[in-house]
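Two complexes come next, and they have one chain in common, chain A, joined by chain B in the first and chain C in the second.
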Partner chain A sequence: MNRYFVYLVFLNMLVNIVSYVPQILIGSRFQGAIWAILASVPIGMLLIYTCLKSMSRFPRQGLTDILDSILPRWIGRVLLLMSACQFFMAGCISLLSIADTSIRYISPETPLVMGIFMFLIVICMAAVHRTKQVLYLVEIILFIDVPLILFIIVKAFWNRSYDWDAVATVGMSYSALPTWTALSAATYIFSGYSDLVVVHKAFKQTPSPKSVWLFGALGLAILFASFSIPIAFQGADGVSDYIYPWIITADSMRVELGIVERVLPLFLLLYSGISLGSIIVRWHIASDLLKDCLPSSWSRKKPLTSWIFFAFFASVSLVLAFFFNENNILAVGRVWLNFRLPSEVLIVALILIAARRRRTS
Partner chain B sequence: MAESSDFVIRQLDHHDTTVHLFYLKSICDDLKIQRDLVLPLYQADRAESYENYVRSLINQKTSSSPGQLLERVIKGEAIVCIEDTFIANVPMKKPLNSSPGPAEVEVSVVGPKHAFSEELDTNMNVIRSRYTESSLTVERANLESHPKTEIAIFYDRELVDPEVLEGIKKDLKRISDHIVIQAAGQLQRKMSPARRTLFPTVMITERPDRVVLNLSQGKVAILVQGTPFGIVAPAVFYDFMTAMDDVYSHYWTSRFLLVLRYIGLFFNLTMASFYVGLTSYNPEFLRVQLALSIAGSRAPVPYPSFIEVLFMLLMMELLTEASIRLPRTIGSTATTVGGLILGTAATQAGLVSNIMIIIVACVAISNFVLPINEMMFSMRVMKYVFLGITTIFGIMGLVIAFIGLIVHLTRKQNYGRAYLRFFAENGKVVPRKEAG
Partner chain C sequence: MKGKRLLVLLTLLLAGSALGGCGFKDIDKRFFVVAMSVDPSGKEDKKYLVTVKLAIPSPSEKFGSNQYTLVSEDTDSIAQAVRIIKSKVDKELDLGHLKAIVIGRELVEKGNMDEVMDWFVRRRDIQNIAWVAAGVPDGRSILDLRPPTERLPSNMLFMSFGQVGTETAYIVSEYLFDFRRRLRERGLDPILPIVESRGDQQVAINKVALLDKNKMRLVLDPLDTKIFNSFYQGIGKYDIQIRQDQGYFIISADNVKGSFTIENVQGKTVITLKPHIHGIIEEATSPISKTELAKYERQAEQEIKERALQFVKRLQQANIDPIGFGLRYRARHPGNPDHVWKKWVELYPEVEFRVQPHVRLTSTGQLG
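Entry: the complex of A and B
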């Protein structure tokens, strides 16, 4: 089952582009983005390592069982509720972002709410099922999409418009210390491990912490690509003119010898697949955590329960889509990223304490 | 029973013994009865020795109740009554022409050539002689239909997953129908817990080698009396994408063919939808020359692309359906008239574009690449779903529908086994408990 953990982390790394990570990093490219990127790798690796090491003491248990072992029930429930909100918001922001971009650039005549509704049908249909089935789905989506995404990224580095000077110019401001927002955005790359809070229940064994080096290297590479490619294409100054720098960058590439000449549609279609996978995983986890918050008299097995949650998720997303424009969504994404890092550290610290207590007792 | 003209009651007298024979003339072998039942009576010196002789012929317990005896007669056994004290039933069934014919539905290039026959006994013989392991277990049963259909369940009791076997048996027991079940496909439909599913969850095959291969992978096979097709369960998505030749040919060749099939599947599902999406919604995706040449060939076409696609696809489906049911001799005429003449004329008349003809041909041919019939039919239907969604939502809808299809396939369960997962335990012995 270890490979599924790799998939989850990798999925999260890929999806950073639709979660406003490049926008935020580029926004602070002269104010410490370099350090944020460099610092995020050890922080991310440390979090992954600690989480895996501590989780291995709780085979086949999720966050609920771990929290219950050290905290009073009601504090545990509050934390679970907080965690569920985090996961829901993560999915919701990705959803709004990808739906907004893909509808704007691919089918501008479709109303946004209808486009989101289309996404929601598939997401809810998939996320309502068992964890294992969600993992199989993620595996297939990754295997279809990743080769082509790698192709686009490699092509970008190969491209004549890729301007190393612009990257070097941004690199010159290495002395600035990172802002909290930049650091939160950069560490987001590594936060795929936090899916373990629910997915761990479906794993026979906890994934071995040795793989953390792989994640470190992979995360740094993807972070570098997602930060530097827009800068190299649009220039160190011009890149901040765009709300979606990656979309513009993808549109400035072309496949000279392909059937589809422009990279933009290919990029957006692939990314809608990847983000669907990621949203499905997040919402699946959110609904599972919410189910744990229910009073114990309520049967977990009832399919109606999950459907009520998903109806709630879907309606919140639709309401947000109706009232927000891309600037609001970006602001929400920023706030959410700022909150994500401390709450993640808190959860990992609690898991660590629980693991220690279990060892001594 | 006596009203039936093929029911025979014969009275034989020898010395002072009277023997009655009851059988159905139509399904019993007259010569065999004469040789095995009548002649020995006249050669026997005493009634007891004939009785012992008859006893030696019986391979099943003698039934006593009249109802059971009647059932025996219907199944082709002769009832022997010696002086009203001794009753025995002896199998005397005349074998039908039951030699296996060549495989016609699933043709293999280098594999075994014969399919199953229509006779259950012959088929059991075929499987037994191919699967020479003592662990192969055969259970014969009757389906609760009217009239009852005989089936045989095969499995390797050392490899089979008991839960799967239990599930299949339960599904078979659940069947109670007032019409006769005569084909494997019909049985499959009755067995399946989801009555209206589009994707097959058991495989129907006419190839003994496929059945034996699947038995050795721990699956369960069901053969139905009167049809050369067997059911193999549980089947997952990958099983429907493999032909038996994949096992028989070289590694890289078979991999190549497998990839080819997936490409064919992808074309079949999405080609028509891509045409609609790219001409009506996003012509800018294509390179300019291609977009222009499509637009140029569509210039005389007076209606939107989806009507054009639907019209041509419908023509293609009609042709396929017509050529399946027609006798061979007329079939070729139909395809020539339909395919060649209609295609050319429709383009010249400006009803459809040239590129549309290419796409429809591609869709039709790529559909036939799928090796198993049921999957072929499912995908034939599926592509209209895609077409409908693309017509309404454009290319974005197509991508989401494609992911929706994957979602649907991954969430499908088949006797506790995931229908679609990336590295399925295909080709390996199915583990007792699903790993991981």
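Entry: the complex of A and C
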């Protein structure tokens, strides 16, 4: 099994907290969030399985090559562009979210644009590297952050303030059917596999589809933690009052014997790392997909090409940061999540069709 | 190539610094607010008397180095008060170290706690793990204590509530976020420990105020506070006095954990309380026989049963629910949360309580 694939999926699972997934699920906790969470596991597993199984017929190829094998070139380019937009927006929303929270809680006097600019420097300089190097970076980030994040999560479940009754109260509305937004938010957890559209080119071997069970279990556990911990701490009724329920919850834990009594600074630091890693991966993929859309006369190898793309990404992010505040960003995140699920299904379906055609031919 | 990259980085950093200055203030230009109190205002046209306790740093940390200054302001809103207080001092107020919020008893009796707490929850820089308490006679006089045993201002409160120093079942501690949760949660009512100034710069914390969603309804005396605490914190170092013949004996329990179940028995909702007590006998007025521990256990169970029943019946009569029976009911009954809640509101006054205590004594202490 390819460990870098596991890292990518896992990174995406962890980063859900800054991508407004808990907010959306908590918002609909009495209106179908339970079903959304339960339904997302088989949907996610099915998508991962299909993608891995089909991709294994195209060793060391990316989405571009796969699409070219079944579709006319220009339709393929349109789809690639759409996919690149998805990846760019995914990174952009995480960026706006983490920049907004870190500025609000670490240095409130700094203007948002300034904070985002600082993040952008790091992101662009890392994302411009080759795919393999980006993967190494992800590995390092996870190795540093995951033990401490696990510590916070375990600490939360052991905490006296973790109220199982509040969680069970929410669980009692299991009969409500999920909304589309809730379902999209819940399935987001599993969407780390879609990084394969580019990363597959760097893999010698397609990861084995047998690992899908691991992802199903892991995803369910992380989804449960990210949904239930804020509810257990802030109450079934009161939790939706908060704009950032997870930040408030991290601040509600006390480590008596830690270096710092409050968990919040540690949490923000860890999540800055996790979201930086995730944004770097997403933008790296987005720029790579865009490169494939260029006319063939343009050389891929030119280093300037990537920089132009990243400059473009950065300026769009800054413009968005300039025009949006925390509420609008949440709305943008919601719309983006709604579009993500169908476009992901479409891409996976196309890959599946391509794989079948290759087998028959 | 490398030099070029470095140049790019430097240019970017320079460009970044041009984006805006920072509002950083040095530590010598800040006042740290360690505790805050809200009382009803003495003036007729104003609502609150807000007091902040500003720590004065001392060069060495020793007993009695708890210098502070209090600044008060009468206003209609807490936010306004803090702004005006800023104009009365020469340094920037830093609320990041605010760890105790004392609300005057009168204000808790008057009610509208949601409005009082709003500012504390809304501010991003106030810790959610700050302790909330009710102050007797009022909040300001609790802040204005200068016990010679303190190393830092207000540290006495922090040590007591944090159960870092003293560990006792009489102290109930309530975090800001938990108070807020209880104000909003249907089926779990807010509580506030009562901090009483007892003269000589000392305090006593052994009572707890029970609130409905708005104001104070009941004050528990120390004995009931202890019973409540077994359901709330499940704290150790617990003592229980059991009457025996003409005298009594005292159980010292390492851990008391109260749990309860809600069942439907023949159309009637029954709540069964199950306190589990493991302990030893610490004091007795008449000789105690080691061989008759089982007998003492039964005696203790009988007495605990009576007391716990009395306690929950009081809660039921006042129609408040600090233990969370309602929340448990909601957690066991599927369906629309509003309907479930309505049903519970009708049910609660008629609920039947039962107590099934389980006492295990392991020793009679050093005397056999």
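We adopt the following convention: the second predicted complex is superposed on the first by the 360 of 361 C-alpha atoms of A that agree within 3 Å, B and C clash if a C-alpha of one lies under 4 Å from a C-alpha of the other, contacts with A are read in each partner's own complex, and residues count from 1 in each chain.
Definition applied: a contact is a pair of C-beta atoms (placed from the backbone, for glycine too) under 8 Å apart; a residue touches a chain by one contact, two chains touch by 3 or more.
Since we're looking at a predicted model, the values are computed, not measured.
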Looking at the combined model built on chain A, do chain B and chain C fit side by side or clash? fit
Looking at A:107 after the superposition, I want to know if it touches chain B, chain C, both of them or none. Which is it: first, second, both, neither? both
Which of chain B and chain C A:160 touches, first, second, both or neither: second
In the overlaid three-chain picture, which partner chain does A:168 touch, first (chain B) or second (chain C), both, or neither? second
Which partner does A:143 contact after superposing on A: first (chain B), second (chain C), both, neither? first
Report for A:236: first if it touches chain B alone, second if chain C alone, otherwise both or neither. second
Classify the contacts of A:251 with the two partner chains as first (chain B alone), second (chain C alone), both, or neither. second
After lining up the shared chain so the two structures overlap, which partner does A:261 touch, if you call chain B first and chain C second: first, second, both or neither? both
Arrangement angle, chain B at one end, chain C at the other, chain A at the vertex (C-alpha, nearest 10°): 100
When the two structures are overlaid on chain A, which partner does A:119 contact: first (chain B), second (chain C), both, or neither? first
Once the two complexes are aligned on their shared chain, state how close chain B comes to chain C by Cα atoms, in whole Å. 5
On chain A, positions contacted by chain B and by chain C: 107, 110, 118, 121, 125, 261-262
Please give the residue numbers of chain C that touch chain A in the complex, ascending. 9, 12-13, 15-16, 19-20, 22-24, 124-125, 127-129, 162, 164, 175, 177-178, 180-188, 233-234, 324, 327-328, 330-337, 340
Where on chain A is chain C touching in the complex? 30, 104-105, 107-111, 113-114, 117-118, 121, 125, 160-161, 163-169, 171-175, 233-238, 241, 248, 251-254, 256, 261-262
Per the touch rule, the chain A residues reaching chain B in their complex are 1, 102-103, 106-107, 110, 115, 118-119, 121-122, 125-126, 129, 132-133, 136-137, 139-141, 143, 203-204, 258-262, 265, 269, 272-273, 276, 280
Please give the residue numbers of chain B that touch chain A in the complex, ascending. 281-282, 284-288, 290, 393-397, 399-400, 403-404, 406-408, 410-411, 418, 420-422, 436
